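If you scroll down you'll find the structure; I have some questions about it.
Going by the order they are written in, the chains are A, B, C and D; count residues from 1 in each one.
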Amino acid sequence: MTSQPTVRQQADTNEAGLTRNDYKGAPSTLCQGCGHNSISAQIVSALYELNVVPEEVVKFSGIGCSSKSPTYFLNRSFAFNGVHGRMPSLALGALFADTSVKGIGVSGDGDTASIGMGQFKHVMRRNLPLVYIVENNGVYGLTKGQFSATAEQGLTLKKQGTSRYLPVDICMEALIANATFVARSFAGDPKQVKELIKAAFSHRGIAVIDIISPCVTFHNVETSIHSYAWGKENEMPLHEISYIPARDEITVEDFEEGSVRTVELHDGSVVMLKKLESDYDPTNIYEALRRLEEAERNRWLLTGLLYVNPDTTTIFDRYNLVDEPLNRLSPERLRPPRESMAKLNALMF
Amino acid sequence: MTSQPTVRQQADTNEAGLTRNDYKGAPSTLCQGCGHNSISAQIVSALYELNVVPEEVVKFSGIGCSSKSPTYFLNRSFAFNGVHGRMPSLALGALFADTSVKGIGVSGDGDTASIGMGQFKHVMRRNLPLVYIVENNGVYGLTKGQFSATAEQGLTLKKQGTSRYLPVDICMEALIANATFVARSFAGDPKQVKELIKAAFSHRGIAVIDIISPCVTFHNVETSIHSYAWGKENEMPLHEISYIPARDEITVEDFEEGSVRTVELHDGSVVMLKKLESDYDPTNIYEALRRLEEAERNRWLLTGLLYVNPDTTTIFDRYNLVDEPLNRLSPERLRPPRESMAKLNALMF
Amino acid sequence: MQPKQSPDRTAVSNLPPVVNDFCITFSTVNGSGSATANTTILRALFRMGIPVSGKNIFPSNIKGLPTWYTIRVSKDGYLARVAEDDIVVAMNATTFNQELDSLVPGGVLLYPDDLPVKVTREDIHAYTMPVKQLVKEADAPPKLRDYLSNMVYVGVLAELLGIDLDKIYDALDFHFKGKKNAIDSNFNLIQAAANWAKENLTKTDRYRVEPMNGTDGYVMADGNTAAALGALYGGVQFVGWYPITPASSLVESMNEYISELRKDPVTGKNTMAVVQAEDELSAVGMAIGAGWGGLRAMTSTSGPGLSLMAEYLGLAYYTEVPVVVWDVQRVGPSTGLPTRTAQGDLTFASFISHGDTNYVLLLPGSVTECFEFGWRAFDIAERLQTPVIVLSDLDLGMNQWMTRSFEYPDEPMDRGKVLWEEDLEKMLEKTNGSWGRYLDVDGDGIPYRTVVGNRHPRSAYFTRGTGHDELGRYSEDPEVWQRVLDRIAKKFETAKKYMPRPEIHPRENAKIGVIAFGSTDPAIKEAGDLLEKDGIPVDYLRLRAIPFTEEVDDFIQRHEKICVVEMNQQGQLHQLLTLAYPQYATRLHSAAHMDGLPLTARWVYDQIQSLEEK
Amino acid sequence: MQPKQSPDRTAVSNLPPVVNDFCITFSTVNGSGSATANTTILRALFRMGIPVSGKNIFPSNIKGLPTWYTIRVSKDGYLARVAEDDIVVAMNATTFNQELDSLVPGGVLLYPDDLPVKVTREDIHAYTMPVKQLVKEADAPPKLRDYLSNMVYVGVLAELLGIDLDKIYDALDFHFKGKKNAIDSNFNLIQAAANWAKENLTKTDRYRVEPMNGTDGYVMADGNTAAALGALYGGVQFVGWYPITPASSLVESMNEYISELRKDPVTGKNTMAVVQAEDELSAVGMAIGAGWGGLRAMTSTSGPGLSLMAEYLGLAYYTEVPVVVWDVQRVGPSTGLPTRTAQGDLTFASFISHGDTNYVLLLPGSVTECFEFGWRAFDIAERLQTPVIVLSDLDLGMNQWMTRSFEYPDEPMDRGKVLWEEDLEKMLEKTNGSWGRYLDVDGDGIPYRTVVGNRHPRSAYFTRGTGHDELGRYSEDPEVWQRVLDRIAKKFETAKKYMPRPEIHPRENAKIGVIAFGSTDPAIKEAGDLLEKDGIPVDYLRLRAIPFTEEVDDFIQRHEKICVVEMNQQGQLHQLLTLAYPQYATRLHSAAHMDGLPLTARWVYDQIQSLEEK
């Protein structure tokens, strides 16, 4: 039941004829051990395995250590590293240019949940096809460790004192804002991260993955929900997730009755969710909210695909655009014909 | 069981010795029939009946027809009409000046849910003691009727075309952001509006009231959830709500067993919720979310006190401030003593 | 009912008639539907071939507050505001006295016979109109009555002034898009009112109109519509916007014309998208993203929105993204007077965002020019790879102007230095593979760019607002920083080649030069005529863009005294000229004024005259 | 192990020693803990009475990239950056060659014996240090080893230069707040390294230190800490902020000192609050709300944050709310170089927000002045009821400077024209009840205000960013608009009375004048000495505030040539001076430079010299 390549290829090239190196970026300048680095590595793997052509991906980010990540993967993709907290608008405009390319945005918890709350919420409701990864560490890494809006209330950090406010839960926010793909993961669980990224890439619409990504330098306190230690101890996956490309056949018979749920994505690929402790239905928003609340109360790190709705229209569908990329339209197709001018002037009265 | 004045007063003055006129504002320059005007009237009534001293209230707003409302009530209160979508920060700073005064903010759906989403969400989690009224009409009234973020998807308005995106639900947003008092009402239900305002004034922390307040000029389409006609037909109150001041005794015996719920607010006043179709527990966030979602699906206008948590600390409690108003501290209490200077210089090394 | 008549003024009416040269103000409350009546008159006059302009002075609310609409009728084609009225139609009792004061001696006052007011002036011609009665007789449905009241004054005025009823019919036909019912119910009342006036009023005043030939080659339009249309002809592909007065109608009229002008004829699908954002930070962010992606992208806003765009514009400046920002100015600072006009964002727009920035500004001075800059702004932005800010204003943007017919763009689209797959291949061959996003290949400061979707494996680059070198790589190297920023600044020099040149109106023997921009143009031209009559000929240079081109230099050199006329408090253009021409700083005299109303020729006259006397 | 020795350079060492006058650069990677080592040396030198300054050139990341720390040792008290190094401690192989190049002939190079590098210069003195070995011998826990490596160079340098080990101990004692363990483990290694050097190195270079008396009355501090402390002494009551380099440490150090300086001695409760906002729009909004409420309120930020504050600052300007904004400048536009210094926000800050605005700017030129403006800014803001923007920069704000001891505020707090209940009662009596929020009672443009919580029934008023009259009522009246805005502008004139005066450093026979502000001060002073030696005496005026006061006028009048020195691309102060003094525009010459590094005296020298030759 594992992915079975249909085309023979050299051991180290994928079906796009590319090597893993073709998906890499510049060497990371983040701290050693930073969660963000492991996520970059999984992005590289996921895209390599998905056989995506790097030129058909565009990267976006805001400002922060996390927002630097796009430098560290997919050297051969266009990228725009914008201003703090306002990546969604930039991505929205840019993706209109050529809707055949796929956007991936990397943001931080400060970038998304503090300064970026407004744009984050609004890009959700627009259902922009964008993989939106939040590398969530509860602090502002790049400015040296102040609390972000996702820091737990009561958390004490040496230099910062104690966090006074209840945290923002990025997944809840995405759910309420009608995001169509919402997942949480943990940088310490690379396999899950990778499978979620693959699924997100196949999703038609906004796909949010909130990844707990420890800041080893400023916020790796073992008792904190944002630390490696805590995550390793308390991760509670909703299911074991695997992504199966459209071309592969799934033989559910291999599995015990009822032990697996599948969700077919827009491009025909399938997300397979293997039941763990209990069955979880990722198409029910309120169940997702309930589980998140329960997990928060108990300080469990609930991970997995919380919610997906593969069947809605994207923002592009709602604009009735010409089929070819807008940015390749020739001047003749953009400028109304000369004859129209006189008619228009006649209307000006 | 009705409120029984303990002090004798003239027919037209309240216990603060003031007449209703003392609570009024300038004549409204909003359109005749605008929902916002009825809300202003209920604010006047509520505060008159609460015996609040106008000098102990501060008004805030952003920009919009709704945000003009503070001009039309409480002439004798300080007011700051700020910039579009950023009222919460202004209110937060100002209320630190003297925590003994009570803040009331009036905003619109554009002001809060479009441009103001970020500040709205963040003031919730800070639990700033502020009555936050959203006069929600689904459009930008003041700029002549463009869709706001609360406009229903698919809504068609003559000049505007059809709204493309799923609406923001202000109550859901408040709930998820950990607001401690969340209500929805309808400008066409003045009694409920008034009682909710009274309860909100007694609440310790942020109190959001999302009031459907039709824009009769640009968005009073009978089939729209934001219209009078629709509201009158489809309002579904969760309960019948009455506010009972702290000084009054409640004799629950007057009521049928189980027909009433009460919530005691921080100042000893009580919100009495008379059961209607089914019992509703306003202390359960997820029940609130479920009911909101159900209502949205069925296009009911669910009104009433959705959620209240009377017992948390406010932002002020978390700052360990001196008891007297900060803005009345004398220079001697603000400037460290002269002796400290040398000690400090010794530390500069 | 015996119509109340104005006192007999035979002495006055012995004077020759005033033909096609006066100013009418309609005083109403907003939301009362008077706009239809007012523009109907405006259009009818225009159709009679008489030069007209209409200005709406309205409050920042929706309904029920005083509003004034002024029509200037000028056989000489003067379009500027004048401070006094010749004719007032007073429909609003609360402002009646104010209007009475504004009338010139011998002026005309028209008001409903039931308006609870007292006419305290003897030197004017007052006529009352039986508005209620005529509306009642018209048998209109009650909810339309208020609205129809306005048609009464249309009819009475038509009769008193001699406005052609046929032209009024044409105007209604246009307004109601041929809808017979609507046209007729309005027209019938107008006709009834005209008849009533004919039978019951004795004309004692001097004002009247006569058909003439003064509007050939002109259309009636507002600047926002013109800008929208210009942008559509400019091939705009993406608009991110957020509503704000007085800019909203720019994108709103664009929306109206998309289906006609920008649907693919074959598939019926759109070649552009307009996205209403959640605020201005997002609106400009979207536009910058789109501009970066290779779309002709724009946003439009007014002061407060421009302030919110500061951070993002700095990004576009430094990353060299073409984007067009229309700022339809209103009175600031802060929320200010949202429904009044100003030119107060000039300095801010020039230097917007922290650090060293410098923006290309376009300064349309007429509605036709709004159309022109609507398309040309994209050519300039894409050519220079930089944000272009177009400064219009409320007067230009929202008022109906008689303006030259729009002309089809006289230049092919300039998409600038964009490399698609094959171009890039050639470039790499030419440069031995050394292409880089920020390399100054041509020595004009403008690098080549590729855009999203380019599948060439060498096409991609990383765009960042942090320090970067010629290949787009992150860099903190001091020399690299300086080099790149200096090259960007160089584009401001290169820009001069692409800037619309100023319009120069010389007069013989002029010693004083006037420099101005934007909607003050009509007032300045009219003042020029007045001054010339009084023996003070002035040369006039109307700026159309910043950076300043050599013509400006030249103009300043040739005049010992320059009067810089503008509509703001600080003299912001005067500031920018001083910075550009410190050597001539002392020649530059500021004449700045802002109270929310368009400048009058009289005010300009006084400024220049007093400069002359200095 | 036989230590590698530098080649014998007896010829060089015959030259006289260079005492207390050189520059050391430590090249490390950030996050490696070298900061402790570097400041320990800095402090020890300071304690020896030798004037020193330390500058950190660090990358915009957290760990693992090249970082340089430079200590200038100057018996003459010069604190400016110099472009070349006398001594380099090279701990980072990747930048080794670059450092090698920066050394002066005869300079000193120190590096670990295992650094994989090649010394390619013959004209310097190179010493290797057995870093690994010494750390190993110190028997430190493995995870501390990297960090402790840095102590090796402290010891070796101490020995080579003659730095007093006692003073080093003092420095460690201070750094580790008396924690014996930490002090000892560091000190022991330093001592071991010093011993090793004594025994194994033959000093061939000329550099050494000697105790002197040059630091009396001085302290060591950074500008952000100073500003924070100044604000605490100024009675700051509310801070809304959002983290950003290089401003973060301002509010962070405030947080550190609150419990010591701003807890009520009786109740132990705070007399102020610091709120970390969700972004800068909110941060400044909070501060403006608080300032309006009668609190001494501030925010601090850097370029991008300032851009985001544009709209809100316009509101504060027009509604006349006192608020203090610290802008600790970094290199822009856009995200630019977040960890490099600049003075590039001057023009933007002057005109920030749409419409006609004008801000009072304070321009601290030393760390001590950061302290002073920390408190004084509130007096000015509250007195004038307007936003005050204080422009510091990264160099001033984040680097350790030797600076005059902070002085207790020499003036009582000026809370401005605030009326509490009784004051209002009196005012109403005096004015027959005609008090209004925006009435210019005193003719200085500054009205009286009441604030939230005032229970007087006449105290309340409505504050709005829309047009308002003297009583705060909404108004669209053109005259009212103009009148109110003109009065607000008048405050900018009144402001001159309250502005810190410029500091003027005259020299005999000076023909050229220099005008500058902020952290360029040391470079300019040093250049002045150099120029004087070369026969070009210059007068120097250091601005401390804008609007300009009469001294500036005067200074410009007295000099035919003015060189305006600043750290940005466009010459922004030059621009503002040109605007203020158009009549002298041609005297003003711009010397502007920005590459992210502090100016050197040499660069300033060259600029002025070339101006002299013109």
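Going forward, contacts are C-beta pairs under 8 Å (C-beta built on N, C-alpha and C of every residue); 3 or more make two chains touch, one makes a residue touch a chain.
All figures in this text were calculated on a predicted structure; none of them were measured in a lab.
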Quiz item: Taking mean CA positions as centres, which chain lies farthest from chain B?
Solution: D
Exercise. Return the chain pair with more inter-chain C-beta contacts, choosing between A-C and B-C.
Key: A-C
Quiz item: Which integer distance in Å separates the CA centroid of chain A from that of chain C?
Solution: 44
Practice problem: Go ahead and note the Å separation of the Cα centroids belonging to chain A and chain D. | Solution: 40
Practice problem: Between chain A and chain B, tell me the centre distance in angstrom, where each centre is the average of that chain's C-alpha atoms. | Solution: 35
Quiz item: Of all the residues in chain A, which ones touch at least 2 other chains?
Solution: 83, 114-115, 117-118, 122, 149, 315
Quiz item: Tell me, which residues of chain C touch at least two other chains?
Solution: 59-60, 278-279, 304, 311, 315, 319, 334-335, 464-466
Self-check item: chain A - residues contacting chain C, complex
Solution: 53-56, 58, 70-71, 75-83, 86, 88-98, 100-101, 118-119, 122, 315, 319-323, 325-329, 331, 333-336, 338, 340-341, 344-345, 348-349
Quiz item: Touching chain B in the complex: which residues of chain C?
Solution: 31, 59-65, 242-245, 248, 252, 255, 276, 278-280, 304, 334-335
Self-check item: chain D-facing residues of chain A, complex
Solution: 29-32, 63, 65, 68, 83-85, 114-115, 117, 140-144, 146-147, 149, 159, 161, 217
Quiz item: Where on chain B is chain A touching in the complex?
Solution: 114-118, 121-122, 125-127, 149, 164-169, 172-173, 176-178, 285-286, 289-290, 293, 315, 318
Quiz item: Which chain C residues qualify as touching chain D in the complex?
Solution: 59-60, 302-304, 306-308, 310-311, 314-315, 317-319, 327, 329, 331-340, 342, 344-345, 347-348, 351-358, 464-467, 476, 478-479, 481-482, 485-486, 489, 568-570, 572, 575, 578-579, 582-583, 585-586, 588, 594-597
